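As structure tokens, here come the structures.
Next, two complexes with chain A in common: one pairs it with chain B, the other with chain C.
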Partner chain A sequence: MTLRLFLNVVSLEARKAISYRLAFWIQAIVAVIAGFAIPYYLWTAIFSANPEQATIGGKSRDGMILYYVIVILISNFVRGVDMGLGLSREIYDGSLTRYLVYPTRYVVFKYAQNIGGLLPGFVQALFMAALFVTFLQVPAGVEITLMSTLQAIVTIAFANLLYYTMSLPIMGVAFWADNVWSLAVLMRFVAGFLGGLMLPLSAFPEGWIQDTLRWLPFRCFYDLPVSTFLGKIEFSEWLQALGLGAAWGILFALIGRFVWSRGDLRYTGVGI
Partner chain B sequence: MPLVDVQRLSKTFYVHKKEPGLLGSVRALLRRETIAKEAVREATFQIGEGEIVGLVGANGAGKTTIVKMLAGIVHPTSGDAQVLGHRPWQRDNRLRRQMALIMGQKAQLWWDLPAADCFLLLKEIYQIPDERYHKTLQDLAERLEVTQELTVQVRRLSLGERMKMELIAALLHQPKIVYLDEPTIGLDLTAQRTIRDFLLEYQREHRPAMILTSHYMEDIERLCQRIMIIRTGDIVYDGPLAEIATKYAQHKVVTAHLQRRGANERPSAVELARLGEVLQYDDSCVRIRMPRAEVAEGAAHILRRLSVADLAIEDVDIGTIIEQLIKARAQTGADA
Partner chain C sequence: MVRYLRLYAYFVRFSFSRALEFRTDFFFRVVMDAVFYAVHIAFWSVLYEHTDILGGWTRDKIYIFAASYFMIDALHMTIFSNNAWWLPIFINKGDLDYYLVRPVSPLFFLSFRDFAANSFLNLLLAAGLLIFMIARYPDPLGAMNIALYLVLLFCGFLIHYMVYMMFIIPAFWTHTDQGLRDLFFNIERLAEYPHRVYTGWARRIIVSVAPFALMTSYPCMLLFEGGSVSLFLHTAAVLAGTFGAMVFLWRLGLRSYASASS
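And now, the complex of A and B:
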């Protein structure tokens, strides 16, 4: 697939994402309000109920809210728009057929579509940043620099690719099982829980649990980008984490390749 | 050298069986029975440049499965096929750049975008040079009379307009092989005619090999010189459409419209029955289905014995013959 085609697919998908004006704005506004209001009121209530406890898992109230606002924003970029489910649905309903006829690689084409679909996430990110700056302060000890921002952007892009690669073998199960919705939900839950979406990894029990989590790929999805953005990780540790994530990515890609090549033999192209 | 060369191509699908009802569903959770369904059995044929071949058969006969294998969508269970020198299911981009699949029952364009945007993407996918792209798009859009609709969201187009856009999308890169799966399904008569005329014109100018599946006999009769009739996975006829009648229709129907005068001299029904099966015999008309070899003699007899105003000798409708061939259960060569 040429870069020009890749960019065209990204552009096409972005145009699709904004082709329904009302839905676009409602989605953006609701996501922003929910993404900001839920952690704000939840953690304000938790800290108010325990006034003697200044930090939880090493984070103050504002620190915790900041973590969740960023993690919610990042989750849009990492997971993409219904990316995994989209793949399995196309196997299930036969929409995969049209891509098999095109002289292009399906998984790369879908990845480009996934990138294009992230456009609403950018708009949400701008709104959320504006809300945070208006209502809260960046907590002490948090240092957001140009370098940390650039590193975070690289990490988010890497996490997006890794998440996509991880979803390939799982969604490929649709060649055998047709409906893999429950697997997709399970993957999302596991990645969210062990990756720091639901709880910062620093809040997990210290010791072997945190050590194990550091070796798993899930950390790259949420905890690593947030820590990188907030300047809470050394450059060498960051590189090491990306290297480990890349190793996992290669493993997922190999498994995915195997699953898809076997599954392809079973594809029946239903619907035509 | 044929563009499409198919040798003993077979496909067996394995499908799960499930008993009806709640109990059946619960049982299926624990144990499922799998049954093998032979969709295509040892299909062998060749298609040359500029040919339009119609695949005709009942639902589930295997025609779409043949198209799917030749388009590289599904892998065969056994046998081989070469399309432009490539095995389609290996999905070589050199082949995919010269091939198109139009699915009447499955939209290929992006629903939420104007067709023009979809075409631009296809231009990149097929790496069509700018000048050729603009020229081809303009030509196709004008012929199909959809120039004004190019900027309208695909989902807002009528079914006929959408099908025309699908055709443009499939032909933009000027493929050498075109698979058309039910291209006129669900369209009104005018749209069907427009699409048939367009396909004929396109085929005359560009000479691609086309494989057409359709349940509409008019598509087949108008577009195909050659047809393959498929019955439960077997190709039971592969040859010129025109020869179907001579080969399988053992009878012709002779219709004579009678003049009013001379009614008293008319022969009896028994006499006419010696010529063949009398389908109609009244004051104004006589219709007799008679053996093909005896038509000349029978027609002469009618002209001698009756005051005929007009006489017509017709083959049995080709659609009816094909329908009978599709439905026939016997496996003997006599019926096929």
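And now, the complex of A and C:
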């Protein structure tokens, strides 16, 4: 796929994403309010019930809330646009055929759509971030620098690509099953829990559980970008985590390629 | 009433035969919900490693609360979820016409016609979990309390359905449920936590205008602490208010419905 075509697809999807503008903004604002309110009240209740405990998993109450604020702002970019439902529908109604005759690869085309669907969210994220910066205080011990911000942006882009790559084998199952929506949701649950969306990984029991979590790819989704942004991670550890994530990404890309090559042979275009 | 029950039995029978044609999807749904339950239980377990009490409830209580939430979710997924998914599509395509001319309440027909047989197994799983959590609770809960808890839980399920419908029905005007459906699921997450975790205005809102506390938190409060007249009156008032609001919105929506055919 040429860069020009890629950018055209991105632009088209971005315009599609804001076609229902009111819904787009209401949904974003309420999602952020609810997403912020829950951890705010939850962790305030936990810290209030245990006044002798100044930190949990190395985070104070304010540190914990800041963690969730960043997670809320980045989570949509990491997960991207849900592609599972789209492919099963395209296989079901035969519209996958037109992608197969396009002078580009389906996976790359869909990735461009994924990026385009996320672009308008950047404006929302910047707006929400400005609000939070105005009202929230950065707790002591947190070092947000230009370097950590740039590293975090790279990590988020990497996390989005990794999430997409891990979704490929799941999407490919649609060649055999009628609906893979439940598998995509399942992945979201697991990634959310083991990746740091529901809880910071430092809140998990220390020992083998935290050691295992560090070796899994899910860490790259939420915990790594936030820790990077807050300057809680050394440069060498960051590189190591990205390297491990890349290894998982290659593994899933290979599995995805295998599933797709087998599934492609089963596909029978109907209609059009 | 008998006619409606007989009709519902036909819906269920038809849904089961259709679900068994798509066995892989059936299996995936079961796995998905089993993982959903496991993730939630694990979440609470990790949280209770850092505290003994949350919103006034101990670990054993929160497990019953979580299982109650699974029940509401499983009931919703089994009975209403598919129907609510189709409603905006029917409105957009004009297919609503077919339901408006039938000799049964269109709201009943459109809310109940698609029984998700593939979620039914998860309902059994959620019920099993709830029974297990209640059975392992260290203190006696009392048969009367359990019976009243089940009544309130059923009311909570109805409130969940009606509030959800109020987010779907605006499709008559907006022609899409895209934003509103996501909006509901974002707000609904408030019901995943005990209402006493919230304070001030947030708590006032979730027991009144956005009555998510009444879905699982209030029934559990009754189970652990016993019921009171005010608790039942509060639930009855919210139930009646939500029902009235949903029916009003539905009628208003039908008046705006222009059909898409001819």
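Just so it is clear, the second predicted complex is superposed on the first by the 256 of 272 C-alpha atoms of A that agree within 3 Å, B and C clash if a C-alpha of one lies under 4 Å from a C-alpha of the other, contacts with A are read in each partner's own complex, and residues count from 1 in each chain.
Just so we're on the same page, contacts are C-beta pairs under 8 Å (C-beta built on N, C-alpha and C of every residue); 3 or more make two chains touch, one makes a residue touch a chain.
Everything numeric in this text was worked out from a predicted model, so none of it was measured.
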Open item on the list: Touch test for A:Y102: chain B only (first), chain C only (second), both, or neither?
Closed with: first
- [ ] Please indicate which partner A:F258 is in contact with in the superposed arrangement: first for chain B, second for chain C, both, or neither.
- [x] neither
TODO: Classify the contacts of A:F135 with the two partner chains as first (chain B alone), second (chain C alone), both, or neither.
DONE: neither
TODO: Go through the superposed model and pick first if A:F235 touches only chain B, second if only chain C, both, or neither.
DONE: neither
Open item on the list: Counting residues of chain A touched by each partner, does chain B or chain C come out ahead?
Closed with: C
Open item on the list: Once chain A of both complexes is superposed, is A:Y267 in touch with chain B (first), chain C (second), both, or neither?
Closed with: first
- [ ] Kindly classify A:F122 by the partners it touches after superposition: chain B alone (first), chain C alone (second), both, or neither?
- [x] neither
Open item on the list: Going by the contact rule set out at the top, does A:L12 touch chain B (first), chain C (second), both, or neither?
Closed with: first
Open item on the list: Show me the chain A residues, by the header's touch rule, that chain B contacts in one structure and chain C contacts in the other.
Closed with: 20
Task: In the complex with chain A, residue positions of chain B that touch it - done: 13, 64, 68, 71-75, 91, 93, 96-97, 99-101, 103, 105-106, 108, 110, 112-113, 117-118, 120-121, 124-127, 153, 181
TODO: In the complex, go through chain C and note every residue touching chain A.
DONE: 22, 24-25, 28-29, 31-32, 35-36, 39, 42-43, 46-47, 49-55, 174, 176, 178-180, 182-183, 186-187, 189-190, 192-193, 196-199, 202
Open item on the list: Touching residues of chain A toward chain B in the complex: what are they?
Closed with: 2, 4-5, 8-9, 12, 15-16, 19-20, 94-95, 97-98, 100-104, 264-265, 267-269, 271-272
Open item on the list: For the complex, give me every residue of chain A touching chain C.
Closed with: 20, 22-24, 26-27, 30-31, 34-35, 37-38, 41-42, 44-46, 49-50, 53, 56-57, 176-180, 182-183, 185-186, 189-190, 192-193, 198-199, 203-205
